[in-house]
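First the structure, which I've put down as structure tokens, then a few questions once you've had a look.
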Amino acid sequence: MLTLAQQLWIGLTNGMVFALIALGYTMVYGILELINFAHGDLFMLASFLALTLVGLLGLATASGPVVVVGLLGVVLACAIFAALINRTVDRVVYRPLRNAPKLAPLVSAIGVSFVFQNLGLFWGGLPLDVMGGGLAAAAPKSFPDLIPSTNLLGDGAAFRITAKDLVVIGSSLCVMVALWLFVTRSRLGKAMRATAQNPLAARLMGIDVDRVISATFLIGGALAGFAAVIYGLYVNTIKFQDGYQNGLYAFTAAVLGGIGNIPGAVVGGLVIGIVRALSDQYIGAQWQQAVVFGMLIALLVFRPQGLLGANVREKV
Amino acid sequence: MRASHQECRFPDEKGRAVQRKRLPRIAAALAALLLTAACGGDKQPTVAAPKGDRVFITFGGLPPEELKGKGADFVAAYKAKFGSTPEGYAIYGYVAAQVAIDALRRTGRADREALRVAVSETEQIDGPLGSWRFTTDGDTTLTTMSGNTVRDGKFAFVTVLGGGAAAGSGARAKTDLATIGDPAAPKTGPVKFVSSLPLTGSASAQSGTIVNGIRLALEETGGKIGDFSVAYESWDDASAKKGDWDPEVEAQNADRAAKDPSIHFYLGTYNSGAAKIAMPILNQANLVMISPANTYTGLTKPGLGEPNEPAVYRPTGKVNYHRVVPADDIQGKVGAEWMKAMGAKRVYVLDDRGLYGKGIADVFVATAEELGLTVVGREGTDPKAQEYRSLMTKIKTANPDFVYFGGTTQTNAGQISKDMVAVGLDAKLMLPDGCFEQAFISAAGL
Amino acid sequence: MLRVEQARAGYGAVEVLRGISLTVDEGEIVTLIGANGAGKTTTLHTLSGLVQLTGGRITFLGENIAGVPAHELVRRGLVHAPEGRKIFSRLTVLENLEMGAYTRRDPDGIARDLARVFELFPILAERRRQAGGTLSGGEQQMLAVGRAMMARPRLLLLDEPSLGLAPLIVARIFEVIRELSKSGVTILLVEQNARMALRLAHRGYVMETGAILLADAASALLENETVRAAYLGE
């Protein structure tokens, strides 16, 4: 029973990261019907920036308050970095293809994904101490353990909650709530939802759709940047293929929740995190991927619109 | 050996100690913020709490620092030439090249059949690895291994393991090389050595150091072996696409070598999977293959791999494949012996489901059970998984003293090490030589 | 207010509008009728900037608006309620109406207009918290008209507001259009229901395969033989 609870807790924590990345997929898909294959790799690049900054600021050996302030700075920098890259890619690569057949931006996104991966590979090979300078660029990079993994319930307690878990869950929840408020309450947020539901009508309401799309890429990117720092702090290892692996799970989360649906992405992320954990516990670690994707396929057979999706885009 | 190294675990232990005193306070503050329930207050930091050594790595040989005699000379020469310490496998590249050079000297003829026989009858006395020869299956008679741990962010030698006589290691009759092969084969001119190793991608650090070892041996000949002039080409059997060795590329390399009559030695491969592809191709061309790194048992040892191994790699029936590293059966075995000697009773065995990792883990389990260790769990991992907290939590409930992981740095040994700590799994970790590289230490953040 | 001269437009290589000219003066209700596929919707799309003008000229309030993006035209008072309602189905009724006022920054004015919409269509006030997509067809059409009103249009382009609605609701919609007109909104109305449209409008244009066939006072068109035969089903 306690083991089950523990696995749910671990799944929930992991699921937060998937959910944050999934939001970027789902928001862009919602507006452009584009599966932004490069999104996972953007997340990976941001994690490299996070590691680089943590190294440059010397946070691994800094004192507590410095670590907290430093991390806030790193989060901010990574969010801005990923947001700007994401928007730039949209401007330079996807926007010129706005009226092209859907396959064109999709293939371009795959291309961007490769470019990002190679950038990550290059970055990993930089002669920085934190990169394990001089080692193979492709090798996994250790992300300093800045938040304690001490069991807050006591060392011998059967259930384990760490400050790290709380930071991951708490900060992710804050970000998600902020996003929800933004999307439901703010003018731009509403414009985003309106554009996703009916881009033509949105234009006729006086919404500058290009601006909304830019904002979507900015926000999706910022979420990926935030997720990257959280991921680094939680998993403590980053590598250039992380974008692929996490992107795949996050994309699955988005589809599971109903692609284009914002709460759906969060639910999908959490479900995947939890299914992974339970599958490791009760089925076997080697079946993790099979279980997750098996579940996706089963769900799509019985509920093609995803868990929360009702969203076959209305045409006329 | 166990409890005495707490004070020197991290290079920056002092800095971290300061940090650890303050972090729980932040943690407590955060906890109070996020979870008003009073569950903080625990001041005992447990992050990677060094209660002595936790991670143990077996290596099929001695680490560079422990090499004596000609081995130590090699390390010195390597440092002088390349400006860095050789990684564990460098010396095997060096010895593989020496074996080839020596065979060419003894034959004096660039004839593939004569060279094959000469290589198989190699006997090194007081060489860099000590004294050894090849068995009739092409295995080294060396069984000396080392048990290592990680201290101060570096590998630290703990103990010598194994060392007994290997099966089939009796002395071999020497053939009169002059009577073998084509007597009219050239006795002068160029002789080409090639190596086929994964130079691109995640194993490139290990491959690079092997290539350096080969270069060093060839340069020591002054570019001349008898009347032959030496040429060496380092081929890549990896592709950017795979980021690792690529079956297609390995097959192309083997084909190219088989068809080029000026090539007389094929030094490789790094990955046992690649060897499986190259072996039958080179066997049919009767070209000598010497691997500095393959450890999968089935490549040479009948009865320890698949039923048709190793015959399937020897379509002509001749043994052209040799390796200078001890195979996994020996490593898995000495790992279990070492674990037992350290007082372990319960072990949870993981493997990465690859040829190498699963092979070693299988032998480990067999020996462990023979020795009376309880294997409390056995399963495969997903080598690409982001993290293993759930798995480690599950393992925790099995309450083992040790976790054994048959895998490599590339298949996520570093993350496994980290996540054991992250979930508070208070067990030690033992790993095979696929993790005996600096990249593992970096990845594990040790 | 609106002057279209020899406008040409189409989709890709297909030219739909082959040089049409029309004018709408301040305070007028002008209707555009024609068979299916004549190009009425395309005309409105071209006016509101959704379709690129490829030839000719369009001026609105004296300014050339060719190439001005659609969202900018809304700001200037040219508002288009598109064919097929196109409401935001997962936004609530209230949010749909708020989106109509997207370009406006006068909360007081918006509140007044909202009250007015609710007054004209009380059912919308009742359903204000309901998702737009769950409204009935007629309610959705009311919402579409109400939403366009929220932009405070000077010129309102209405594309088939009666499509698929029961006669009673059609009458209600036409009533609202008349009231809007009285309150000073200029209206260009595209309609299948030619008789009702011509009765409501001051002037009318008849369109056929991308060109203007007839232009006259609405009452004259109601009497016109061709119109009677082709569009009034007599």
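By written order: A, B and C. Residues from 1 in each chain.
In this text, a residue touches a chain if its C-beta (ideal position, glycine included) is under 8 Å from a C-beta of that chain, and two chains touch if they have at least 3 such contacts.
From a predicted model like this one, the values you see are computed outputs, not experimental measurements.
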| item | value |
| --- | --- |
| Contact graph of the chains (line, ring, star, complete, other) | line |
| Maximum inter-chain contact count - chain pair | A-B |
| Centre-of-Cα separation between chain C and chain A, whole angstrom | 43 |
| Computed distance of Cα centres, chain B from chain A, in Å | 36 |
| Centre-of-Cα separation between chain C and chain B, whole angstrom | 76 |
| Parts of chain A lying in touch with chain B, wherever the complex brings them together | 3, 6-7, 10-11, 14, 60-65, 67-68, 132, 135-136, 138-155, 160-164, 166-167, 169-170, 231, 234-237, 241-242, 245-246, 276-278, 280-281, 284-286, 288-289 |
| Complex contact set, residues of chain B against chain A | 12, 15-16, 18-20, 22-28, 30-31, 33-35, 39-42, 44-48, 201-205, 243, 350, 353, 379-382, 384-391, 393-394, 397, 409, 412, 414-415, 418, 421-424, 438-439, 442-445 |
| Complex contacts: residues of chain C adjacent to chain A | 48, 50, 69-72, 74-75, 79-82, 84, 86-91, 95, 98-100, 102-103, 133, 147, 151 |
| Partner chain C, residues of chain A touching it in the complex | 187, 190-191, 193-194, 197-198, 200-209, 310-311, 314, 316 |
